[in-house]
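Take a look at the structures listed below.
In what comes next, chain A is part of two complexes: it sits with chain B in the first one and with chain C in the second one.
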Partner chain A sequence: MSLIKETDYGTPASESENTVTLSIDGFEVTVPEGTSVMRAAMETGIQIPKLCATDMVDAFGSCRLCLVEIEGRRGTPSSCTTPAESGMVVQTQTGRLKDIRRGVMELYISDHPLDCLTCAANGDCELQDMAGAVGLRDVRYGYDGGNHVKQRDGGGEVNARFMPKDESNPYFTYDPSKCIVCSRCVRACEEVQGTFALTIEGRGFGSRVSPGMHESFLNSECVSCGACVQACPTATLQEKSVIEIGQPEHSVVTTCAYCGVGCSFKAEMRGQELVRMVPYKDGKANHGHSCVKGRFAYGYASHKDRILNPMIRERITDPWKEVSWDEALSFAANRLRAIQYEHGKESIGVITSSRCTNEETYLVQKLTRAVFLNNNTDTCARVCHSPTGYGLGQTFGTSAGTQDFDSVEQADVVLVIGANPTDGHPVFASRLKKRLRQGAKLIVVDPRRIDLVRTPHVSAAHHLALRPGTNVAVVTALAHVIVTEGLFDEEFIRTRCDWDEFQEYAEFVADVAHAPETVEALTGVPAAELRAAARLYARGGNGAIYYGLGVTEHSQGSTTVIGIANLAMLTGNIGRPGVGVNPLRGQNNVQGSCDMGSFPHELPGYRHVNNADVRDVFEEVWGVSISDEPGLRIPNMLDAAVEGTFKGLYCQGEDILQSDPDTKHVSAGLAAMDCVIVHDLFLNETSHYAHVFLPGSTFLEKDGTFTNAERRINRVRKVMAPKNGYADWEVTQLLANAMGGGWSYTHPSQIMDEIAATTPSFANVSYQLLEEKGSVQWPCNESTPVGSPVMHVDGFVRGKGRFIRTDYIATDEKTGPRFPLLLTTGRILSQYNVGAQTRRTENVVWHDEDILEIHPHDAETRGVKEGDWVKLVSRSGETSLRASLTDRVSPGVVYTTFHHPTTQANVITTDYSDWATNCPEYKVTAVQVSPSNGPTDWQEQYEEFSVRARRIEAAE
Partner chain B sequence: MELQVPEMDVANRTAAIADGHLQDEGPLLPILHDVQRDFGCVPDAALRVIADKLNLSRAEVHGVMSFYHDFRQEPAGRHVLRICRAEACQSVGGEALAEGVRKALGIDWHETTPDGRITLEPVYCLGLCSCAPAAMFDDELHGRLDEAALADIVLEAGR
Partner chain C sequence: MSPEKLTYMANQIAGFFRNRPHEEAVAGVADHISKFWEPRMRAQLFDMLTQAGDRFDPLVLEAGPKIRPVK
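Let's look at the complex of A and B:
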């Protein structure tokens, strides 16, 4: 193992198909047209000295170090800004160039501290490298003149130019005294991240990097993605972890365990200590970019709250007792077997995790199917993207996003529905914003004015601010416009879809009942705006749809997904780069956990359990007979528990008490069980009702694979030994074996081999292939041996695309005099899901509590002011939190996040759910808001209960 | 020109100025000029409004504003005297002349006299090298200056 050093070509690659051939230092080199001389030189292995150039951002030409001489041209042009041309003869090292470069370096160093030995960038400093490269031996100007380096001059006078270090950001420091004003950070913030939080203030010698308007990093517009830190050639912007620990000595490429973008990272290590995470340029999803969570928020892995020893207790009112693995596993196995003996084999089940690896998820569903001998498996995708599975399955034939993320670079019109990419999927948002800055048009369908609607250099052509719960009406109205105005793609529909079904569907949507003018009163979306949006999507070139949980988490979630698929089929926006239907997955491995057969009715690969041929395949490998009865979904498990027929649950890496709707119902279900096994990093909220706690391992501590939202199977690699002793797949295997499973996997690659052998869409996947290719996108089998970036290219998976009618049926959750407002929920950039991980990192400086967003008009009529505590009451329950007044939400709509257990936003949400898949209706709850003095009685009782439930008995 | 403008006023007036330029190509500099004309400086509160109006980040607007020495963060005195410190003027005694004015006014570069009468700014070439040493008093250029001529100008500022 060694430190992976990625080649920096200095300028971005050119996409041109034409090539040019030139001579550099006597070597012939052929490169795509538009390639810089600097990059062309690097391709042949000649590294021209440089400071302001790096291949993540466009050439800038300011450092004057990369000068070259070109035959027939005057002067010494900078190689980063000079495009290679055919027949060019370039010299990169001449006497004249040497003198100039040395002179330039002298000037740089005359205003740079000479504390290299004690500097945090020592060993990773491009300024130091370049001083060496140009042969700097002396600085004739001395160090006494005007400078930014010294706090006081020789006479003890304060140096007005000196600026102290900015340590406000929890993860990195900004030391202006080390800055060489190369602008790499400013350009990374603009071009890569798209936030534009940095600038160069002043001019000439007075130029300095400034976050915002000469603000601290923390108070500025900075979103802490770290692109600037990565771009900085010196220690000016430096990770605090490197300052603390020192430079890493080896690195391992792995995959981020936060959102469904699935960014590739180099985990840079010193021994078993993680020094920093650096996004990997070869990562196909992120191409060297990251967000604040992936790059910096890994501190939870070594947080003091992490539980490292197994624990058991007789009753949930008892304190926990730390025991050996053997004792915990036999305790759990005996209880589960006893329950099955007494209440039948259907009385226990599992919940798989969308945060664990494919291999781990596969084992957990195998546990219930092959060891418990029932199909009682479900996963948190139930509560997020199950309607995607149903809707896309019905229309296209398979449940998956149709594109890779690179596809967005070719989109002309992007329709974002019920998703907030800048907060939920930040790296995708950066790529989307880049495309929008190039001129692509954006349509946002969301009740809230998300950042994308208007953010520096990006503004949506249309924002359809619909009333929560009216998605189907809006999507159907879009289709109405496309059909009645003749904007559909007849040729595509005739060749790729069923024409008769289309005609029936067209007749349905053409009904005036679905006209924008008719539904305007219902949806709150002005008809003219909606018509304009429909025309733009249908006729604006490549139209790509990206959607999130704002689509799925409704009583008609599946219908909206079907409506979205209809839109894509109507306009022929499917089956090529730049178009498609793309669900943005919330968690790192939601896609994978669905693929792996986590649902009670589906074996791996989305094949129904009543299909005997499929059962045969698994029965042969597993040596058991598999039940052909679909098992229980999460809400059914809880209902059955309350009724007394479901008694035992193994819940891996999932906090259903906090994340599932109607908290009181979840806790009643859990409390009624005899054996709840929680397998997690922390004593999460669900563990309050658990009898067995099995400590989990983090993504840094195991091998495996995650599948991201573009169906990309990425490798997760172990960079340190599990602090708890076992990787999660080993723990599941131990539990299975304690119950007589007789499993004998010694490495996750064997599990993947079993998956490949049993699941056609994974047939060609192996760790060896992943090692070779870096990653592959399923389907990966004989017909597509190295995976499929775009799906449905020559035909839909199901054959002909199927149009399905999308009748709008209002949710039963209605506003009324007692509950006049609609609550909708969402996420924020710095926190992730229930917050179990991010709340245990420094990310809390950005968001330390959930806040209720309320329109100033609604606030005024209730006497609520900015920052006041308010009580939020629904038909299900009540909680309290602080309010913030903003016109991001429309009057009548309030919004909050669900990252903090003290708020428990899900106490409020109801148990209404999607008609097809039971996906809960998180996004619409009728509520009332009133001023309050602080936490409600329920919150205080829950806090007390939590403290009691987390007691651990002192070791004897 | 007022010395103290309430922040709300700054925001409203800046918004009105910006609205008048939204259709222009490259509207940022014309807006900054108009704001400075209105308030005598470009207050931070104005920058926030401009950023919002033009859909730019605060950083970008700050970067542009701070690049140009003529955009001020604080209002200047009633008059601004800019004395050229570039090479041609230096070669015919410009530096000594400037030194004299600084002594006479009792202030340094970029400072304003305590009575708010005059602000002293350096400038690097007024394009009047043939008539060096040169200075600019408010919007009026003066060439072939000597101590007496400069003293007259300063005196005039008192009125």
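Let's look at the complex of A and C:
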């Protein structure tokens, strides 16, 4: 193992198909037209000295180090800004160039501290490298004159040019004395991240990098994505972890365990100590970019709260007792078997984790199907994208996003529905914003004014701020306009869809009941705005739809997904780059956990359990008989538990008590069970009701694969030994074997081989292929041996695309005199899901409590001021939190996040759910808000209960 | 599961299929429940259809006999 260093070509690659041939230092080079001379030289292996150039941003030409001589041209042009031309004859190293470069370097170093030995960038400093490269031997100028290096001058007077370090960001420091004003950080913030938080203030010798208007990093608009730190050639912007630990000595490429974007990272190590996570340039999902979570928020992996030993207890009111693995596993196995003996084999089940690997998820569903002998398996996708599974399955024939993320670079119109990419999927959002800055148009359908609606150099053409719960009405009205105004793509529909079905659908949708003017009163979206948006999507070029949980988490979640698929088929926006229907999946491996058969009605590869041929395949490999009946979904498990017919649960890496709706119902279900096994990193909220706790391992401690929202199967690689002793797949295997499973996997690659052997869409996937290709997108089999970036290219998976009518049916969660406001929920950039990981990192400096957003009008009539404690009550329950007044939400709508267990936003949410999949209706709850003076009784009782439930008996 | 919740879920499914031609709607409801409802839920549904049929959408009632029986 060594430290992976990607080649920096100095300027971005050119996409041109035309080539030019030139001579550099006597070598012939052929490169795509538009390539810089610097990049052309690097491609032949000649590294021209440079400081301000790096291939993550466009050429800037400020450092004057990369000068070259070109035959027939005057002077010494900078190679980064000079495009290569046919017939050019370039010299990169002449006496004149050497002198100029040395002179330039001497000036740089004359205003740079010479503390190289104690500098954190020692060994990883481009300034140091360039001083070496140009042969700098002397700096004649000294620090006597103006400089930015010394706090006081020789006479002890304060140096007004000196600026102290900014250590406000928890993860990196800004040391202005080391800055060479190359602007790489400023350009990275603009071009790569798209936040525009940084600028160069002042001019000439007074030029300085400045977050916002001379603010600290923490108080500026900076989102702490780390792009500037990565771009910085010196120690000016430096990870605090490198300052503390030192430079890494080896690195391993792995995949982030936060959101569904699935960024590739280099875990840079010193021994078994993780020094830093650096986004990997060859990562196909992120192309070298990252967000604050993946880049910096990994501290939870070594947090003191991690539980490293198995624990058991007779009753949930007892304190926990630490025991050996053997004792914990046999305790769990005996209880589960006893339950099955007494209550039947359907009385126990599993919940697979969308945070664990494909291999681990596969084993957990295999545990229930092959060892428990039932289909009681479900996963957190139940509460997020199960409607995507149903809706896209019905219309297109399979459940997955149709595109890769690169596709956004060719989109002309982007329709974002019920998603907040800058917070939920930040790295994709950066790529989207880049495309929007290039001129693509944006339509946002969201009750709340998300950041994308108006952000530097991006402004949505249309924001349809609908009333929560009216998605189907809006989507159907969009289709109404497209059909009645003749904006549909007839040729596409005739060749790719069923024409008769289309005609029936067209008749349905053309009804005046679905006209924007008719639905305006209930959706709150002005008809003219909706019509304009429909025209733009239908006729604006490549139209791409990206949607999130604002679509799925409704009574009509599946219907909206179908409506979205209808829109794409109507306009022919399917089957090529730049278009498509793209669910933005929440968790790192929620796509994979669905692919792996986590749903109670489906075996791996989305094949129903009533399909005998499919059961045969697995029965042969597993040597058991598989039930042909669908099992219980999570809410059904809880219902059955309350009823007394479901008694045991193995829950891996999910905190249903905090994340699932209607907390009181969840706790009643869990409390009614005889054996709850929680397999997790921490004593999460669900563990309060557990009898067995099996410690989990982090993504840094195991091998495996994650599948991201673009169906990309990425490798997860072990960089340190599991602190708890076992990777999660080993723990599941131990449990299976304690119950007589007889499994004998010795490496996750064997599990993937079993998946490939049984699941056609994974047929060609193997660790060897992933090693060769880096990653592949399923389907990956005989017909697409190296995967499929775009789906439904020549035809839909199901054959003909199917139009399905989408009637708007209002949710029964209605406002009224008692509960006049609608609560909708969402996420924030710095926190992730229930916060179990991010709350245990420094990310809490950005968000340490859930906040209720309320419109100033609604606040005023209730006497609520900024920062006040308010009580939030629904027909399910009540909680309290602080309020913030903002016009991001419309009057009548309030919004909060669900990251903190002290708030427990899900005490409020109801048990209404999607008609097809039981995905809970998180996004619409009728509530009342009133001033309060602190936590509610329920919150205080829960806090007390929580402390009691976490007691661990002292070792004897 | 509480009888109210079960009825509610069944009627919600009927709501989606209501706009289809009648035969297709009945088949759609029956197929959906057969595919996604665990036997315990179907058994409870069958009981309720005979005992408290008036609480159900007519589509659910009609779909009843077409729903996969519980072994």
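Definition applied: the second predicted complex is superposed on the first by the 956 of 956 C-alpha atoms of A that agree within 3 Å, B and C clash if a C-alpha of one lies under 4 Å from a C-alpha of the other, contacts with A are read in each partner's own complex, and residues count from 1 in each chain.
The rule is short, and it goes like this: a contact is a pair of C-beta atoms (placed from the backbone, for glycine too) under 8 Å apart; a residue touches a chain by one contact, two chains touch by 3 or more.
Just so we're clear, the structure is a prediction, and the values are computed from it rather than from any experiment.
Within the superposed three-chain model, A:245 lies out of touch with both chain B and chain C [touch as defined at top]. In the overlay built on the shared chain, the residue A:408 is in contact with neither chain B nor chain C.
Contact with chain B, but none with chain C, is seen for A:221 once the two complexes are overlaid on the shared chain.
Contacts of A:459 after superposition on the shared chain: chain B is touched, whereas chain C is not. In the superposed model, C is the one of chain B and chain C that contacts more residues of chain A. Once chain A of one complex is fitted onto chain A of the other, the partner contacts of A:291 are absent, as it touches neither chain B nor chain C.
Contacts of A:509 after superposition on the shared chain: neither chain B nor chain C is touched.
Once the two complexes are laid over each other on the shared chain, residue contacts for A:636 go to chain C alone; chain B is not touched.
Residue contacts after overlaying the shared chain place A:549 against neither chain B nor chain C. Residue contacts after overlaying the shared chain place A:278 against neither chain B nor chain C. With the contact threshold set out at the top, not one residue of chain A is in contact with chain B in one structure and with chain C in the other. Within the complex, the chain A residues that touch chain C are 346, 376, 508, 555, 558-559, 600-601, 608, 610, 629-633, 636, 639-640, 643, 645, 805, 807, 809, 911, 913, 915-918. The residues of chain A lying in touch with chain B in their complex are 195-203, 210-215, 220-221, 454-459.
Touching chain A in their complex are the following residues of chain B: 44, 47-48, 51, 55-63, 66-67, 69.
Within the complex formed with chain A, the chain C residues making contact are 1-2, 5, 9, 12-13, 15-16, 18-20, 32, 35-41.
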